[in-house]
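Every chain is named by a letter (A, B, C, D and E) in the order it is written, and numbering of its residues begins at 1.
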Amino acid sequence: MAPITTGHYLGLSAALLLIGVAGVLTRRSIVVVLMSIELILNAVNINLIAFSSNSQNVRGQIFAMFIIADAVAEAAVGLGILIALFRNKDTVLADEVDLLKW
Amino acid sequence: MNLLDIVICTPLVGFLLTLFIPRSKPQWVRVFTLTVSVIAFVLSVGLATGFNSGSSNLQFVTDFIWNASPEIHYHVALDGISLWLVILSTLLTPIAILISWRSIDNRVKEFFGLLLLLEFGLVGVFAAFDLFLFYIFWEVSLVPMYFLIGIWGHDRRIYAAVKFFLYTMAGSVLMLAGIIFIYNRTGTFNYSSILDMLGSGRLSFTTGEEMFLFLAFFLAFAIKVPLFPLHTWLPDAHVEAPTAGSLMLASVMLKMGTYGLVRFCLPMFPGAARECAPWIIVLAIIGIIYGALVALVQPNMKKLVAYSSVSHLGFVVLGIFSFTQMGLDGAVYQMLNHGISTGALFIVVGFLYTRRHSLEIKDYGGVATVAPWLSTVFLITTLASIGLPTLNNFVGEFLVLQGSAQANFKWTIFASLGVILSACYMLWLYQRVFFGETPEGVRHHMPDLNLREWVAIVPLIILMAWMGTAPQTFLPPVSSATAHLLEQSKMNVPLRVHAAPAPPVIVAAEASHAR
Amino acid sequence: MLDVFFFYAFAALVLGGALLTVTLRNTVHCAISLIASLSGVAGIFLLQKAEFLFAVQIIVYVGGVMVLFLFVIMLVNLDTAARDRQFNRQWIAAVACVLAIGAEGVYFVRSGSGAWTFAAPSEFALSAGNTEDIARMLFSEYLVPFEIASVLLLVAVVGSVLMARREA
Amino acid sequence: MPANMAPSSAEILRFLPEIILAVMGTFIMVLDPLVRGKSPKIFGHISILAMLAAIGASIFAYTNPGPAFSGMLMVDGFATFFRVLVLGVGILAVLSSYRFLDRERADTGEYHALILFSLVGQCVMVTANELIMIFIGLEISSIATYVLAGYLRDDKRANEAALKYFLLGSFATAFLLYGVAIIYGITGTTNLSAIRAVLSNTTTAPAGAVVGAAVALMFVGLAFKVSGAPFQIWAPDVYQGAPTPVTAFMSAGPKAAAFAVFLRIFMTAFETVGTGWEPLVWVSALLSMTIGNFAALVQQNIKRMLAYSSIAHAGYVLVALAARSEIGTAAAMFYLAAYAMMNVGAFAVVAHLSGKGERRLSLNDFAGLGVKQPLTAALLTIFLLSFIGVPLTGGFFGKFYIFKAALQSNLVWLTVLGLLNSAVAAYYYLRILVVMYMHEPGEATLAVEPLSFGLSAALILPAIGTFVLGIFPSALLQFADKSSIFGR
Amino acid sequence: MPTTAAETYFPVLVQALLAIVIAAALVSLSFLLGRKVKNSVKDMPYECGIVPTGDARHRFSVKFYLVGMLFILFDIEAIFLYPWAVVYKELKMFGFFEMFTFILLVVAGFFYIWKKGVLDWSHNDPSALRSPAGRVEMRDHHPEEILVAMKR
C-alpha cells in the first residue's frame, strides 16, 4: 500500500466536508443540521492538523483548539436557541420554521 | 460674495427660516415667502442691469473649492443664456406663490417652503459651472417638485409624482456616470477647465467614448425636455400637479433639459452631437406634430396645454440642433417665451379651475360673457402661444424656423405644420371655453379677476408684449453667448461634419440603414 | 505499514459515521453515529502526532458536545419528527453544491500532487512534547486570542442561559 | 522565550478599547442578577459610557499606531475608522432601544452585555491582522448577534430569526474556516502580511488552483456575513424577525465589521491574486444590487423592504471591492459610514412606529406620519433620500465615490448597471415617502407615541451625520484615503 | 524507538482490543450459556430499585441541558488550563496573570449563572418545558400489580 501523505488527509477532509454540506442542505431536522455543521468543522480540523504536521509548525493545532472552543460555544448557543424555538413552536424541522418566508 | 451668490442663497435662507415659522400662522408663511421671492427677483433684475451684454465671457463669477477630494468647485457664473433663465425662475416663483395664496390651505408651511427650495435648485442649475455642482442642483430641484405634485396634486397625484421622479432619476444617474467618467479622465469637475482642455487638445475622446458620453448626457436632458418618445411623464405630471407646480414645471423645469443640451452637450461633444443631429431633429419634428395633434383632441385643458408644451419644446430642440446662430438664438429665446406664455396659460387655466373646480373643457362655455377680463387675458395668452406677430412667441419661432431653414429647408416645412396646428387647437379651445352657451355652473361661479390675480398675470402679459415688440432688449446677451458656444462646438470637430450642411432627414435615415 | 492500515481504518470510521449521521432516521442514532465519526477524527489526530488535540477531541466532543446533543434530543423529544419525511426539498441546491465541491475534489485528485504546493516546513521541527509546543506558542504569541476566547465563552454562557432558561 | 513575551504598555494601549468593552460587558452581566428589575435603565447608561470610553480609547490608540501582540493586531487608520464606526452604531442602537426594551418589558443587563460583547468581537475583527484573530472576533460578534436576534424569547418571529441566522451563520463560518485552513496549509502562516508575502513571491507562490479554491471558500463565508448575493437568503427573514433595534444594530455594525475584514483580507493578503477573485466579486455585486432592489420593490413589510435594500447596499460596497484599488477601499469605507447612519436611523424610526409587540410594520402603517409627527417624518425623509442617493446627503457621495472608483478601474458595465439599479431603488424608497406624506393618517400613526429622548437622539445624530457627510465629505474621505493602504 | 504515531500507540491499541474482546466474550457467553426466563417480573427493577414511572421518552427538564452546557464550557476552560500547567514554570508571573485574567472572566460567568439560579434545583422546576403535545400520562404501579405479574 502506498504510504499515507498529506494529500490523503486532505482527501478525507474533503469527503467529510462534502457529507457535512449535503447534510446541512438536505436534512429537515435542525439537530441533524447542527451535527452536520460539526462534521464540517471537524473536516477543517483534519485539514489543519495535517497541514500542521506537514509544515512542522504548531499553529495549525492551536487554530484547531480555537475551532473546538468555538464549536462548543456555537453548539451551546445554537441548542439554546433551538429550545427557545421549541417552546413556542413545537417543531424542530427546518422547513416548518416558516412564519417568515424562508 | 457677489450679487449672483446672494440671488442663489436668498431662497435657501428663506426656506430654512420658513421652517421656524409656527404651523399655526399660515398667513405669516405666505407673506414671508412672497417677500423673500420678491427680494430674490429684484436682486436678479440687478443682475441683468449689471450684465455686460457685449461680452461672451462669464460674469458674476464665484469660484472656490468646496470639497477637496475629489475637487468640487462652487463655481457659479452667468452668461447670456443663464442670465435670462435665472431671472425667469426668480420671476415665476413669486407669481407661483401669489396664485397659490388661497388655493393651498393644507400644509401651507411645507408648500411655500418647498417652492423656495425649488427656486434655489432652479437658480443653481442655471448658474452652476461645475459639473458636479450642476448635478447637485439638478437633483435638489427634483425633490421639492416631487413633493409638490405628490402632496398637493389632484386625484392621481402619487402615480404622477413617482413617474416624474423615476423618469428624471433614471436619466440623471446616467449623466452621473458620464460626469464621473469625465472626472476620471480630467481630474476636475470644473466646466471651464474641461472646455479649456478640450479646446487646447489636452483632452480628447475617442469616437466611441464621445458617443457614450453624449448619449449619457443627452438622455438625461431629453427626458427632462421632454423629447418624443420620452415625454409620457409630462402630461401626467402637469395634469396632476397643483397650479403652481404646473407653472414651475412647464415654465422653468423643462428648460433645464434644453439648457443642458445647449450648455453641455454641444460644446463638450460636438462631434457626437452632429452625428446624432439628424435623428434628434426627426424626433423633435415628430414631437412638434404629435404634440399638436394630441393637443387637438384633448378634453382636458391642462392636458392640452401639456401636450402643447411637447410641441413647443420640439421647436427649441430643432433650433439647438440646427447648429446655426439664428437657430440657437431662437431656441434660447423660445425657452423664455415658452416659460412666459405657457406659464401664463397654466395660470389662467388655474383661475378657471379655482372657480369651477373642473379642468374638462365640456364643463365650460360662454365664460366671456360673465368674466370679460379673464377672457381677455386668456385671449392675449392664447395669441402669444400661437405666435401672433408682436407677441413673444413669434420672434422665437421665426428665428428657429429661419435657422433650421439655413441648415435644411425640409425641416422647416414640417415644423411649420406645428405652428399651424397650434393655432387650431388653441383657438378651438378658446372658442369652446369662452363662447357659446353659458352653463348654469359657469354663470354662478365665475367672478372676474381679483386684485391678487391681476398682480400675478399682468407682469407676464407685459413681458409677452415687450419680448414680442422689442426683442433687442433681450437678445444681445443671448447672441454673444450662442456665438461663443458655436465657436466652442466647432473645435475638435472633423471638417466633414460641420462643413457640409446636415443631410436631409430621409436621406440620412436611408443612408444609415444602408450602413 | 501499520500507519496505512490505521489511516484507512480511522477514515472508514470517520466517513461511515458521517454518512450515517446525515442519513439515519432516528436522531438519537444520528448522534451516536456522530460520536463514532468524531472518535475517528480523534484517531486521525493521533496518527498525525497531535496527541493534545486527540485528548481535547475526546474530552470536549465525545464527552461534552455529544452529551449536550443527547440532552437536547431528549428535551425536545424528537421521535415524532423521526416518523416524518426525513429530507427537505432543497435537493437541487444540495446536489448543485455537492457537485461543485466534488468537481473541485476530482480536479485536485486528477491534477495530482502538482496542484498542491504546501508551505515549506518551518525551520524548527516539532519537539517530542506536543503539549509543550502548543503551550509555549499559545501563551506567548497567541496570548490575545486566548484571552479573547474567554469573552467567547462568556457570550456562550449568557446566550445559552438567556435562550434556554425560562424566566421565573 | 515565553517569559519575555510580556506585552509592552504601548501594546496594551492599542488593545484598550476591547479591554474596556470586555470589562464593562462583564460588569453589566454580573450586575444584572444583582439589581434586576430595580433600575433597568442603568445598564443602558453604563453601556453608552463604556462605548464612549472605547471610542476615546480607539482615538487615543491611533496617536501611536502600529502592530501589537506579535502582529496579531494592527492598529492603523483603517482599524480606527471601523472601530469608531461600529462603536457609533452601538451607541445609536442602545439609544434607540431604551424605549423599545421598556415597551416590551425586556430591559435586562444581558441585552447590553451582549451588545458590548458583540462590539468586542467587531473591534477585534477590524483590528486583527491575523486569520485566527479575525475568526475569533467574527465568532464573538456573530454568536452575540444570534442571541440578540432571538432576544425576545416569547416572540416566534424572533425565535425563527435567531435560528435561521444561527444555522446559516455557522454554516458560513465553517466555509470560511475551510478556506482559512487551506490558506494556512499552502502558506504555513495565518498572518495576513506573511500570506501576502508568500502569494506575491512568484517563485514560491503556490499553485493558482489551490489558492483559488481557498479564496473562493473564504469569499463564500464572508459573502454570507455581509449578505451579498447569492448568499443573502438569510437576511430578509432575520432582519424581519429580529427586534427592530437589534436589526438596526446588526445590519450596520457587524456588517460593517465583516466588510472591514473582507477589505483587509482581500486587499492585503489576496491583493496579488486579484485578477482571480475580481470576477467573483463582480458577479456577486451585480446580483446583490439586482436581487436586493427588485425584491424590495414588492415588499409590504417595512423591515423586509429595508432588509432587501440592505442587500442592495452590500452590492454597492462590493462594487467598490471589485474596483481593487485604494480609492475603491476608501470609497467602501466612506459608503459604510454613510450607510450605517442612514440605516440605523431608518430602523430607529421603524422601532418607534411599530408599537408594542412590533405589530405595526406594514408600509401602510406609515400613512400620514408627515402630518402626525412632522419631525420624525422629516428625519426619515432625510435617511430615505440618502438611501436613494440624492445630493447633499451622505448616501449620494458614498455612491459617487464608489462608482468613481469603479470607473477608474474600467468597470464600465458594472457602473452603468449599478447606477440604473439605484434608479430602480428610488421607487421603493419613494413608496415610503408617498405613504408618509400623501396618505391620510391611519390607525398606526394616530396611535404613535411621542418621540422619546433616546429615540430622538438616535434619529437626530445620524441625520446630522448624513448631512455632514453629504456637504463636507472630504474630511472623512481624506482620512479614508490615507487609511486605505492598511498601514503598509 | 517507534517512528510513527501508529507504532507508538500500538501497545495501547493492543490493550484496547484486549479489553473489548474480554468484555464482549463475557457478555456473549452469559447470553449463550444462561437460562432464559421471560416474564414481567424480570422487567421490574431489581430489589430496592425505584419503580419507573411514565414513559422513558418523556421530556427532560431544561436544567439538564443548562448544566450540561455549563459543563462543557468549563471543559473548554480546562483544556486551556492543561497546556498552561505544563509550561507554567517557564512562564513565571506573566503566565500567572495571563491565566488569572482568563479565569477571572470565566468565574464572572459562573457568578452570573449562580445568581441567575440556574444551579438551583430546589425550587419546583420553574424551567420545565411545557409539554406541547399534552401531558404524558403517568402510570402508577401499585403493589398488587407487581404481585399479579409475579404470579404469571
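Everything below uses one rule, namely that a contact is a pair of C-beta atoms (placed from the backbone, for glycine too) under 8 Å apart; a residue touches a chain by one contact, two chains touch by 3 or more.
Keep in mind that what you see is a predicted model, and the values were worked out from it rather than measured.
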### Query
What shortest step count links chain B and chain D in the network of chain contacts?
1
### Message
If I rank D-E and A-C by number of C-beta contact pairs, which comes first?
### Response
A-C
### Summary
Farthest CA centroid from chain A: chain B
### Message
If I average the C-alpha coordinates per chain and also across every protein chain shown, which chain's average lies closest to the global one?
### Response
D
### Message
Taking the mean of the CA coordinates per chain, how far is chain B from chain E in Å?
### Response
83
### Query
Taking each chain's centre as its mean C-alpha position, how far apart are chain A and chain D in Å?
26
### Query
If you average the CA atoms of chain C and of chain E, how far apart do the two points sit, in angstrom?
21
## Note on the structure
chain A to chain B, mean C-alpha position gap in Å, rounds to 65
### Task
Name the residues of chain A that each touch 2 or more other chains.
6, 10, 17, 20, 34, 50-51, 54-55, 57, 59, 62, 65-66, 68-70, 72-77, 79-84, 86-87, 94
### Query
Can you list the residues of chain E that touch 2 or more other chains?
62, 65, 69, 72-73, 75-76, 79-80, 87, 90-91, 95, 105, 108-109, 112, 116, 129, 133
#### Entry: Residues of chain D engaged with two or more neighbouring chains
1-2, 5, 22, 26, 29, 132, 136, 139, 143, 146-147, 150, 153, 162, 184-185, 188-189
### Task
Would you please name all pairs of chains that touch?
A-C, A-D, A-E, B-D, C-D, C-E, D-E
### Query
Which residues, counting only chain D, touch chain E once they are in their complex?
1-3, 5-6, 22, 26, 29-30, 32-34
### Message
Show me the residue ranges of chain D that touch chain C in the complex, using the header's touch definition.
### Response
1-2, 5, 7, 15, 18, 22, 25-26, 29, 68-70, 72-73, 110, 113-114, 117-118, 120-121, 124, 132-133, 136-137, 139-140, 143-144, 146-147, 150-151, 153, 162, 184-189, 198, 204-207, 209-210, 213
### Query
Which residues, counting only chain C, touch chain E once they are in their complex?
2-3, 5-6, 46-49, 52, 55-56, 59-60, 63-65, 67-68, 71-72, 74-77, 79-80, 129, 131-132, 134-136, 138-139, 143, 146-147, 149-151, 153-154, 156-158, 160-161, 164-166, 168
### Message
Help me check something: in the complex, which residues belonging to chain C touch chain A?
### Response
1, 3-5, 7, 11, 14-15, 18-19, 21-22, 27, 30-31, 34, 37-38, 41, 44-45, 47-50, 52-53, 56-57, 60-61, 64-65, 68-69, 72-73, 75-76, 78, 81, 84-91, 93-94, 97-98, 101-102, 105, 108-109, 113, 116, 118-122, 124-126, 130, 133-134, 137-138, 142, 145, 149, 152-153, 155-157, 159-164, 166
#### Entry: For the chain A and chain D complex, residues of the former touching the latter
6, 10, 17, 20, 24, 30, 33-34, 37, 40-41, 43-44, 47-48, 50-51, 54-55, 57, 59-60, 62-63, 66-67, 70, 73-74, 77-78, 80-82, 84-85, 87-89, 94, 97, 99-102
